[in-house]
């Protein structure tokens, strides 16, 4: 997909498949992060969720549409991942899919609205705010970076690279958060010093999209 | 001391099939009391459900807390359980399937612990049930005093105190109360119970076979969650009475039951702690409550809501009014407690 | 892997007082069901005992097997338990005191496991009871196929199969049979049941806080005793179904129940193994018995006779005739199983 | 008691007290031995039993007699030790005490009959035979050595030294036993290579008697 400026539904499925592989590869690290401040299952939940999402997508009849792919992936994900990640990624996929449901191809603008709608979905489903030390803290900076890149007329690959960098910085920043709200605050000061696992996996998702578009 | 990088050992065949095999074992062992739905293998349903006109009660959450959640399915308690993977909420599909299977026309009450995953999945399921014209209500159990200050009690985790909530609500439903009445009973029980736990040793998930935290040989963790979530204090090992006191201090400070009033107590094992130790703890708890001039209406001691093989316990105290006393005394037949 | 030289952690106050504190906890939690004798603090007596004209049943042995032994005190099972120190037989004094407290004029049956200490202490107690004109009979449970070849079945250890013997004898006594009739029932149950265990991890005594054996990270011990006595094979870890098969092969080879006959099953946890794993084992056991065309009359799964915090389980199968079926179905209220 | 040829009840109590101390000191080792082929409690059972025996003896009114001392010790022991050791040592003390009940002092002959009667008590109570890998395998050689020493007109201290040596050899010999009968046979070949804990503690008892009489 090197240099491509538009993503077809098939490209999109290919990108989701890369995410699935990347998450599976980083599964142990993600669970390790969750062990520090949660219950240690984030890696396995994500891996299971994405595998089920791809299985559901692979069972779809041709031709593929963004909304069919997103709906199937959401349903597969939510019923397999379990935990908080399930409904959050289901909401991400459903809201994102709804935002681009009439498109045949996604350009940078469409992809930005996909991730923007997804981010609003996270906030609603999770009743969470930025600074709560959640995946939002990686997601929202990435959405903002995509928006900025669009204003600057950057290429899709470059824009996604900016988004990935912003998400990684956002994830890294959760290390120092001791949010008043959200799960982290239950641990008090002890949550500080640890990256939020959901933020870390969200950053992996943006990084994988960027690499997928760049390297094809 | 357990912990570090060593692998744990489990009597399992495959981490991917533990839940389905456990459920198959449960229905094979208790075929007259529970069944699984053909079209939803993670839905455990009481043999008596649905009962026309009775409010259905659905419990659920991650597995690994057995007899937690699914074990409370049975006459006088829950009508069905939606069963998640180890320590992970079930998705909306099994919750909706369970809801439909236990709906007797009077609506369905969900009783769940306050975990983001459970709350969001049951919320999605409730939206889907609504589409099929089934009215649901959700009561979120928040008894763990260690998980947030009282000013933010709504954010507290749900732990072993849920057993009293299941019992009270199950009795109210069996007596024929309507959905809002049963939900009210569950809210009242939840508002009356406080719990705090302690871990001496960690547990490990089937998928990782690794301990989910590490305590050194002379440490314990006060305020531990039932998934091994960190507690409020990691401190030195101490005698059982001192552990019980540390927990009771916090539980009683909030609950502050007036002298002469009735309470019920649950000394709950986390899975790996022998009954001998739980009764040693119970002795001190009951002694202290009696010295405070409280009447012990009922005391449960054993593994009621576990965290796999974690070593440790939790102590729950519930303040009782006349209504709760009647409800806790009402007969119940939860499937995993039908021994003799 | 547990084991080696590390100290274990326990929720206790003092190794010297664990038993008295546990007993105090039990009577405080269940005051309407059991009491301790004032003059013999290691004698736990059912609230309903003595019952005039009923054969008294006394169980007992070392502690650390809870709910084992003392937990089976209650209507329809044992009338009293003589409680020893951890893994050590009670002495004759508490046995005699228990005997006198439950004697309703119809004699007393002792049901104990086949351990030198228990056998000799109960023998000394029987001699002393005889001096006080109380007739006793003793049935020694010998269900552990791993502990001696069939040719020397009389030397076999008594393990979890004892639960079926307590249940059958307790029902027979409650129905009003005389001493030799109750003893005969107990002998019949003992002759019909076979058990074998497996350990994944060791346990530790309160007095030593040291593991009583060591298994490496990929080992298990087949045929383990309920005090950690070495078994018949130390071998590599394997899937739950393979473990169950190794046990069932030996149990069924001896029991050889004819197709179409009735059996009951007990999948017993050793103390540290989660219920999830026990039901995974139960699934395969019941599946294999069903494929052999046996009818599962009843299946118990849980911690019934433990070895402190040992990880592992045992599988017991009992061949049932019509009489045993009635006796196993008879209601019973053992004190440590009165949850709801 | 150096060189003494007769043991008073008070001497006897002093010897039992030494045994109690010695067992307490070797408690961990004895439990270690029991861990290998039994349930790991032999040391604590013996220590508890002897402590209770001495407590019971210390509560006796003066003047002391052998039979009163033995009866009190037996009852204290059996109700505290638990396990197999309780009734076995209770039987040892009761049968031994009965054998010397009319004596005011124990010479070598009387002490030999004490231990001989005790040995017969073990066999009856335990329904065990030499070679079963039990305390008997230390006890009977010690009794035989006392008998031989008496025939040879040895001094008490020397005779007890012979007995201790015989008991130690007997205990050591249990290492190679894989008895057909008795608890050891349950383990099959795996019981070989381990000393029987009850034989080891019996040898300690004889050694303590020998040292007590020799060193005073």
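We just call them A, B, C and D in the order they show up, numbering each chain from 1.
Here is the rule we use: a residue touches a chain if its C-beta (ideal position, glycine included) is under 8 Å from a C-beta of that chain, and two chains touch if they have at least 3 such contacts.
What you see is a predicted model; the values in this text were computed from it and never measured.
**Q** Identify the chains in contact with subunit B as well as subunit C, in label order.
**A** Expected: no chain.
**Q** Most remote chain relative to subunit C, going by C-alpha centroids?
**A** Comparing chain centres, A lies farthest from subunit C.
**Q** Roughly how many whole angstrom separate the Cα centroids of subunit C and subunit D?
**A** Centre separation, subunit C to subunit D: 32 Å.
**Q** What is the distance, in whole Å, between the centres of subunit B and subunit D, each centre taken as the mean of its C-alpha atoms?
**A** 54
**Q** Averaging over Cα atoms per chain, report the distance between subunit A and subunit C in Å.
**A** 54
**Q** Indicate the whole-number Å distance between the mean C-alpha point of subunit A and the mean C-alpha point of subunit D.
**A** 75
**Q** So which stretches of subunit C touch two or more other chains?
**A** 86
**Q** For this assembly, give the contact graph shape among line, ring, star, complete and other.
**A** line
**Q** Under the stated touch criterion, can you name all the chain pairs that qualify?
**A** A-B, B-C, C-D
**Q** Touching residues of subunit C toward subunit B in the complex: what are they?
**A** 1-2, 6-7, 9-14, 18, 21-26, 28-30, 63-64, 66-67, 71, 76-77, 86, 167, 198, 200-201, 217, 220, 237, 239-241, 243, 265, 271-283, 286-287, 290, 296, 299-303, 306, 308-309, 311-313, 331-334, 336-337, 339-340
**Q** Across the complex, what residues on subunit C touch subunit D?
**A** 62, 84-94, 115-117, 120-121, 123-124, 147-148, 155, 157, 205, 207-208, 210, 212-213, 225, 227-230, 232
**Q** Which residues of subunit A touch subunit B in the complex?
**A** Result: residues 28, 31, 35, 37-41, 44-45, 48, 75, 78-88, 90, 125-126, 181, 183, 185-188, 190 of subunit A touch subunit B.
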